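Shared between the two complexes below is chain A, which pairs with chain B and chain C, respectively.
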Partner chain A sequence: MKNFAFLNNKLLKRNAKVSSTFLLLFLLSSCGKPAQDATKSLLENLNKTYPSQSGGTFIDATIGEPSGLIYMVAGESAAGAISSNIFNKLLKYDKNLDLEGELAENWKISADQKTITFKLKPNLKWADGKPLTSADVLWTWQAVIDEKTGSPYASDYQLVKKAETPDALTFSVTYEQAYAPALDSWSGLQILPKHLLVNQDLHTSAFTRKPVGSSYYQLDRWTHGENIKLSRNPRSVLGQAKIDNLVTRIIPDSSAQFLELMADNIDSMGLDPIKYARIIPARPELQQKLALYKELGSGYTYMGFNLKHQPFDDVRVRHAINYAIDKQEIIDGVYLGLGIDIASPYKPGTRWSNPNLKPYPYDPAKAKALLKAAGFVDSNNDGILERDGKPFSFEILTNQNKEREKSAVLIQHRLKDVGIQVNIRAIEWASFISRFIKTGDFEVVVLGWGLGLDPDQYNIWHSSQQAPGQFNFIGYNNPTIDKLLEQGRLELNPDKRMKIYHEFAQTLLEDSPIVYLSAGYGLTAIHKRVKGIDAPAPPAGVGWNSYDWYIPEPLRRNEIAAK
Partner chain B sequence: MIPLLIGISLISFFIMHLAPGDITSNEAAFNPKTSEESRQKLREMYNLDKPVIVQYGLWMKRMTTLDFGNSFASHQKPVFWQTADKDGNITKGMIQEALPITLMINILGLMITLALAVPLGIIAARKYGFWQDKSITLFNFIGFSIPGFWLSLLLMYWLGVVNNWLPISGLHSLNYESLDTWSKLKDGFSHLLLPVIIPSVTGLAGITLFVKNGMLDVFHQDYITTARAKGLSEHKVVYTHALRNALLPLITIVGLSIPSLIGGSVIAETIFAIPGMGKLFFDSVMMRDFPVVMGILTIGSALTLIGNLIADIAYAWADPRVRRGVVRD
Partner chain C sequence: MNKSLLLKTLANPLSKAGFVIIVGVFLLAMLAPIIAPYDPDDINVKAILLTPSFEHWMGTDGLGRDVLSRMLYGGRISLLVGLVAVGISTAIGIILGAIAGYYRGWVDTVIMRLVDVMLSIPSFFLILAVIAFLTPSIINVMIVIGLTSWMGVTRLVRAEFLSLNSREFVQASRTLGAKDARLIFMHLLPNSLTPIIVSSVLGIAGAVLMESGLSFLGLGVQAPQASWGNILTDGKDYIQFAWWLSLFPGLAILITVLGYNLLGEGLRDALDPRSSNAK
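Entry: the complex of A and B
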C-alpha cells in the first residue's frame, strides 16, 4: 500500500514536470513574436547607407577549435585564423598582393642578395604596454628554429645563417645563399613577446591560451569548446579597428552553422557550392540579408600520376589522359560552375601565372590516337585497351572528400570512353598519408594543393624532394624543372623571377606530370549589416580590410538578446 | 579487476598503434611549408619512433601514478588532471572539461527515458493487444527508426530558425556571464532541451519493450493469479505485486548503461556543438592523439567494470532470492 502511494505520487510529479516543460515551450514561443518584428525593421534598414562608425560585435564560426594561439606551434588553419588578429608579422601582403611593411617600416636587401635588414616602426607596443623591439623578433626566430619547439614551419627559418639586432629597431638576417622566398617567410612569422615567454615551454605555457599580441585585437575570453571572444586592442600598432568585438563560435557541423547563419546568430560563414549556388538563391529571405562573395584561392585540385609506375612514365600516356578528361564537366558537375580550369600551379590573374598557357582541351579522339601511339590497342574487343597482353587499368586513390570523390567518378567515366578501366578508393586522411603517400604505394591520386603567395614550389617538384614524407611523392624528375626551381630561389628581382616561373609553368604543362582539374572559388556569405567590404574582392581577398569593416548602430544585434 | 584493466589497456594500445599514421599525419602534414625533418623531430619528442611495446611500458609507468599524460594534438594540454604553472595559471584537463557536460546530458536523458519508459511499458502491458499497446509500440518504433541527426536538424530548423523559440546550437548564450541566476538557468535549460530530449525519445523503444515484456512475464505467474483470486484491487496487483518484480531487470540495464553515460554521441555533439566526450574521442582517434584515446578508454573500461559490479550488488540488494543464493554459496 505504501509503495503504491509512493509510486503514484512520483508519477504525478513526473506529469507535472512534463507539463511545465510544455508550458515553458509556449512561454518561449510567445517571446518569439517581437523578435520577428525586429527582424522586419532590420531588413528594411539593411540597404541604406551609413557613415563609418566604430562599435558592435562580429560573430563568425569555425569548424575546429584551435589547439592554441601560437600559430607556429599549433600549425592548423583554425589557429592561424584567430592568431592573425592578435599578432603582427614583419611584412604583409597588401590589397594587390605586393609586400609591404607591417611591424617593419622598410627593409633593405644587400647587394649580394644574402642579407635582409628590417627597420621596425618606432614606438611599437605590446597590448600590455611593454615596448616591442627587435629583441622580440630575434627571440621569435630563435624559438621557431629551436628543436624543442618542433614547429612544423621551421624549415624556411633554419636557412638563416645569422640573425642580428644592431639596435632596438633593426633586425637583420643573413642567408648562406640568396633565398628569394625569404621575404614571403617573414610575412608568415607572427612575432611573439619575449618578455612573457622567455624560459617557458611554448607547448605547455599558459600563453598559448592567454596570448598577448600587438595587433588589432586581444583575447578577451576563451570558453573551451564554445567560443573565443576577442576585443579591440587599444594599443594596436596598426591603428584602431572599427568593430569592437570579434566572436568566433565553435560549431563543428556545417549544417548547424548554416542554421545559425539563417537564424542571424552568426554574421559570416564559408559556403560550399550547393549553399552558394542553390540554397541561398532559392530563398528570398536569405538573399535579402546575406551578401555573397566569391574569390579565387591559391589552391587547386589535381590528378597526379605515380611517375615511377608504368605506363605513367610515358609522356604520351599522360597527355592522352589529360585530353580524355573533361575539366569543364568537373567544374560544372562538382563545383556547380564555381571554379575555373587552370594551366599553371598559380592563382590566375597574379604575376606568377603565365597568361599564355592554355589548359588541355577535352579531345577524346586525340587521346585515343596518343594511346595507340604508346602501344595500347584493344586486342580482345572488350572495350579496354591492352599493351603486351595487359589491360590498361589503374586505381585512383583519394581521401574522404566529397568533391574529390565526385571528380574521380567523372574521370572514371571519361577514361572508360577511351578504353581505360579505373577503380576508385577513398581513404581516411591519416591512413591515406602514412599508408599510401609516404610509401609511394599508389598509382594515381586525386588531391589538392593549397599554396602560399610565394611562387617557389621547390618542395613539390624538385627531384631531390622524393624521400618518404617529402612532397614530390609522385616521383617527378625533370632536370629542366630542377634548374628553373633552383634559379627561382636565388633571384630576388620580381620581374626576372616572374620570367623563370612562367617558363617553369610552361615546361610543367608540356610534361603533364599531373592533370590540373580545377581551381575552386572560395565562397563566403556575410550578413549585410557588415559594411565597408570591398566588392568585387581585390586579389588579396574579401577579408583584406576586415579591420575597416563596420556595423552601423541601427543594424547591430540586440546584445542582450543575442543567443 | 586490475588484471582485466591491464588486459584491456594492452589490447587497446596495440590496436590504436596498428592504425596507420600518427600525430604528424594531420592537416599540416600536407602543407608544403612544413618539412619531414620537423615531423621526425616531433615523433622523437613524443617517443613515437620507439617500438610499440616500449611506448606501452612508458605509458604504463605513468599510469601507475595515475598520470594520464599530455595530449599530443592540443599543445600538450593535460589529458585528465588539471595542472597549474608557477604563475598560478590553471590548465584544465581535456577529459576533465568534457566529462561533466556529457555526464549531465546523459544522466538527464536517462532519467527522462526511464520516466517515460516505465509508465508506457506498464500501460502497454496492461492493455496488451489493445489500441493503447499498439499505439505505444508504433510511437516507440517511429522514434527508434528516425535517424537522430535528421530529427535534430529538422527540430533545430523549426524551433530555432523558423520560430526563434530555442537556440540552435552550443551550451550557453554569448552573454551568459552577464545574466542573473534565473536567466542563466533558463538559458542552460533552453540550450539543453533538444540535445537531451532527442536521444531519450529515440532510445525509448528498448526500455519500454523491456518493461512491457517484464510485466507480461510476471502477469502470467501463479502468484498474480492468486493475488487476483483473493480479491485484491487491480491497482494493488499491478503496482505492488507485479511491478516490483518486473522492474528488477531494469537494474541490470541501468548498471550496464553506466559506461555509455560517459560515452557521448559524436553525431549529436557535433550537430549541437557540444564539447563532450564523444567528440573528444572521435577527434583524438582522427588525430592519432594516443594519450587522449588511451585516457578515455582506460576510464571507460574502469567504469564498465565498476558498473557491472554495482549492478550485481544492487541486484542482490533488491532481490532476496539472489541475495540468499549468494549467502548460501
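Entry: the complex of A and C
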C-alpha cells in the first residue's frame, strides 16, 4: 500500500496535469486488498531470522535540514548525523567507548606527553579515487583553527603548538603542555580532502552540498527541503557497509515524523517518553513492527541560576531551591519514569561519575528554613516571601522543548509551595541563544548539556569562559573549581584524573550553581525490517554498528519507490 | 433602536443560534471559578493523559491537569483577547476613518496609503514579527492584534463618511453653521454605526482565531496559563493517542468563531435594508 502511495507522489510531481479524478482512482486502487495482504505477510516475515546480506534502503528523518555537510563549520547535530557517514576521523570510540584507530593505524604519545604521533593506515583513498594522506589531515587541522573558518570547535585544536607531516602516512601534533582531552578531540575531527577544498571558503564552497569523503557512504543526491540520499562508497576505507542507500528525509515536525513512522515510510526515529511508554504500547500493530531501544542518554537537563543576579549569588538560596524541587516528580511526570536523577555532570555508571554523591532530596521544610536564614520572610502574608520589601519572584527561560517546558511548570508549582513566585517563558531556540544567553539577560534557565566522553568541562565551568557566546553563561566563578579543571586537563593518568573529576563534581554539587533535574533516556524506535542491531545497546549506543545493519530482501521496500 | 435591532436580528434562526452560542460561551467562561471541577493549574503526575471519564469529563493533559477546567479558564482568555483586541482596532479605525473621510485632501491620501501598506503585509506574519520582539503575554497579544487589524474599519468608516457627507441632512446642518465636531459626532458617526458594529462582531471571531493561532505557536498566552490555543498545541503531539486534547479546544474555537460569525451576519442582515431576506 505504502509503495503505491509513494508512486502516486512521484506521478503527482512529474506530471502536474494529471487529472484529479485519475489520481483519486489511483489512490483508491492502492488501498485495495492485495496491498493489505502484502502488509500482513510483511508482519509475519518480520520476526523470522535472515542471513546477513547487502542491499536495500534505510530511511530516517531529520527535523532540520543541515546548512551544509562540513560538520566543523555547520556545527549542527543534523549535519553531524549525515556527515559522520561520509567522513572519517583519525580515531573513534568502539562499542565499549574505548578509543581505537579509524584512519590511524596506531598512535604514540611521547615521554613528555606533549606530542602525539599518528600513523595512518596504508592505501587510503577518497571516494573520487585520489589518495588520502597526512597532508589532508594537516590541511583539515589548519582549516579548523583558521579564524576565517570560525569553527565552534576551534578551541580544542588551537592548543596544538606545532603540527607536522614527516611523511605521507605520519601526522604529529605537539602541545604546549600535556593536554588530557587531546585524543578525544582527534576522535571528533572529520578529515576533509585537501585537493578539493584548498583555497576555497568552507562556508560557501559547493563542496558543502556535494561533499566527497572516505567513509561508508557518499552523497548521491540532495533534494532541497525533501531528502538527502547517500549511496554506498565502493572505496570506503573501513570496508563495505551492508545497506546500499541511506535516505534522510527532512520532516520538520516530530508529530509528522511519527505519522510517517507508523505508515512505514521511515524506518527509525527518536521518541519522546509519551510515544515510547504510552502510545506504542497501546497499539499492538505498532509493537509488531517497531523495535524499541532505550539507552542512557548522553545529556542531562538542569536549572541554571544567573549567579551575577541577586539573590542567586547566595549559596543558601541555591540550596533552598534545590531542596524545594521534587526531582522524582519531574522524572515521573515529564519523563514517565524514563530518566534518572543525577548528582554530577557525568553519565551515571561511567568512571567519571562519582558514585558517592547523592542528589539533594525533596525537603520543603529545609528549603523554607534556608530561605529564612537568607533573610526571606513573608511579611505581608500574601504567600510570597519578601526581602527588603521586595517579593522573591523570578522568570524561568527555556526553549520550546516539551520536556523542558513541563519541567519548568513543575518547578513553578513546587517553588510556589515554599513562597517563591515563578514565571515561565518559552522561546524559540535561535532567539533564545542570541537574545538571552549570549547577552546574559536572564535570571534562571532550564536547559540541557550534552555529555562528551572526555570528562573535561573546562569550557562550561571555568571562570575564564564567560565572554558572550562562551558556555559559562551562568557566570560561575569558583577558584577551587578552576584549579581542578586546570589540573584535570594536564593529568594523563586515568586514575588520578578520575580522582580530580570526582572532587570537581563534589565541589560543584555542594556549591549548587545549577540544579540537576534529570538525565533522560535516549529512546529510539527502529523498524523490525532492519536486522543486525545490538540489543541491549552497548555503551556506545544503539547506532554504533549501523554499517553492519542489513535489511533482508523479503522485507525491503519496492526500490522504485524509495528514491 | 437597540431593542428593535436585537429583536430583528433574533428573528433569524441562524443569528439566534449565534447569539445563544455567544451568551452560553460567555456564561461558562464567567462562571469558570464556580463550575470548574478542579483547579486548572493543579498538577497530578499520577494522572497523566487520562481518557475522558466521569471524574475528568474531558480527560487530563500531559501534566495530569483537568482539561475541562483548563478549557473553562482558557475560554476567559480567548474571549477577553477577542473583545479587547477588537475594541482597540475599532477605536483606531473609527478615528482614522473619520479623519480621512471628513477632511479629505492630503490627510485622506496619507491615511489611505497607510491602510494600503498595512493591508499588503499578511497580517498574521506581521503579528508574528512584532510578538517575536516583545515578551509574549496576553496583554501584548491583545495590543498587537488590535494594532494590526484596524484597516477594515478605517475603510468602512471613511466610505460611510464620504457618502453621508453629501446627504441633505448633513449639508443642511453645515449650512446652518454647525461646527466640525457637531457634524462628526452628532450626524456622521451615529449614522455609520451599523457597519461598524457588524465588522466588530465579525472581527472578534478573527481575533479569537488569531489568539488561538499565536498560542498554538507558543507566542501567545504563556504556561501555565491555559488558552484554547495552547491546549491544542499540547494535544498536537499526541493526536493519534490523546484525541481529547485536540478535539475539545478545537471544537470550542470552532463553535465560538461560528457563533460570532452567525451573530455578525444576522446583525448585518437586520441592519442593512438592501441585503434583507431577498437572497
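Just so we're on the same page, the second predicted complex is superposed on the first by the 528 of 563 C-alpha atoms of A that agree within 3 Å, B and C clash if a C-alpha of one lies under 4 Å from a C-alpha of the other, contacts with A are read in each partner's own complex, and residues count from 1 in each chain.
Keep in mind that, in the parts below, contacts are C-beta pairs under 8 Å (C-beta built on N, C-alpha and C of every residue); 3 or more make two chains touch, one makes a residue touch a chain.
On a predicted model such as this, the values are computed, not experimentally measured, just so you know.
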- Item | Touched partner set for A:Asn459, first chain B, second chain C, both or neither | first
- Partner chain(s) touched by A:Lys358 [first = chain B, second = chain C, both, neither]: neither
- Query: Does the superposition put A:Asp272 against chain B (first), chain C (second), both, or neither?
  - Reply: second
- Query: If you stack the two complexes on chain A, which partner ends up touching A:Ser431: first (chain B), second (chain C), both, or neither?
  - Reply: both
- Which chain, chain B or chain C, is in touch with more residues of chain A? B
- Message: By the touch definition at the top of the document, which applies to A:Asp156: first (chain B), second (chain C), both, or neither?
- Response: first
- Task: Determine, under the contact definition given at the top, whether A:Ser255 touches first (chain B), second (chain C), both, or neither.
- Result: both
- Message: I'd like to check the shared interface: which positions of chain A are touched by both chain B and chain C across the two complexes?
- Response: 255, 259, 262, 428, 431
- Note on the structure: Listed in rising order, the residues of chain B that touch chain A in the complex are 19-22, 25-42, 45, 70, 73-77, 83, 85, 87, 89, 91-92, 97-98, 101, 115, 119, 153, 156-157, 160-161, 163-175, 177, 189-190, 193, 235-236, 239-240, 243-244, 269-275, 279, 286-288
- Touch list for chain A against partner chain C, complex: 254-255, 258-259, 262, 272, 274, 278-279, 282, 329, 332-333, 336, 400, 402, 405-406, 408-410, 412-413, 423-426, 428, 431
- Given the complex, residues on chain C that touch chain A span 41, 43, 45-46, 48-49, 62-64, 132, 135-136, 218, 222-224, 236-241
- Query: Which residues of chain A touch chain B in their complex?
  - Reply: 1, 3-4, 7-8, 11, 14, 17, 21, 24-25, 28-29, 31-32, 35-36, 59, 65, 67-68, 70, 73-77, 147-148, 150-156, 188, 203-206, 208-210, 221, 223-227, 229, 247, 249-253, 255-256, 259-260, 262-263, 265, 428-431, 433-435, 447, 449-452, 457, 459-460, 467-471, 559-560, 562-563
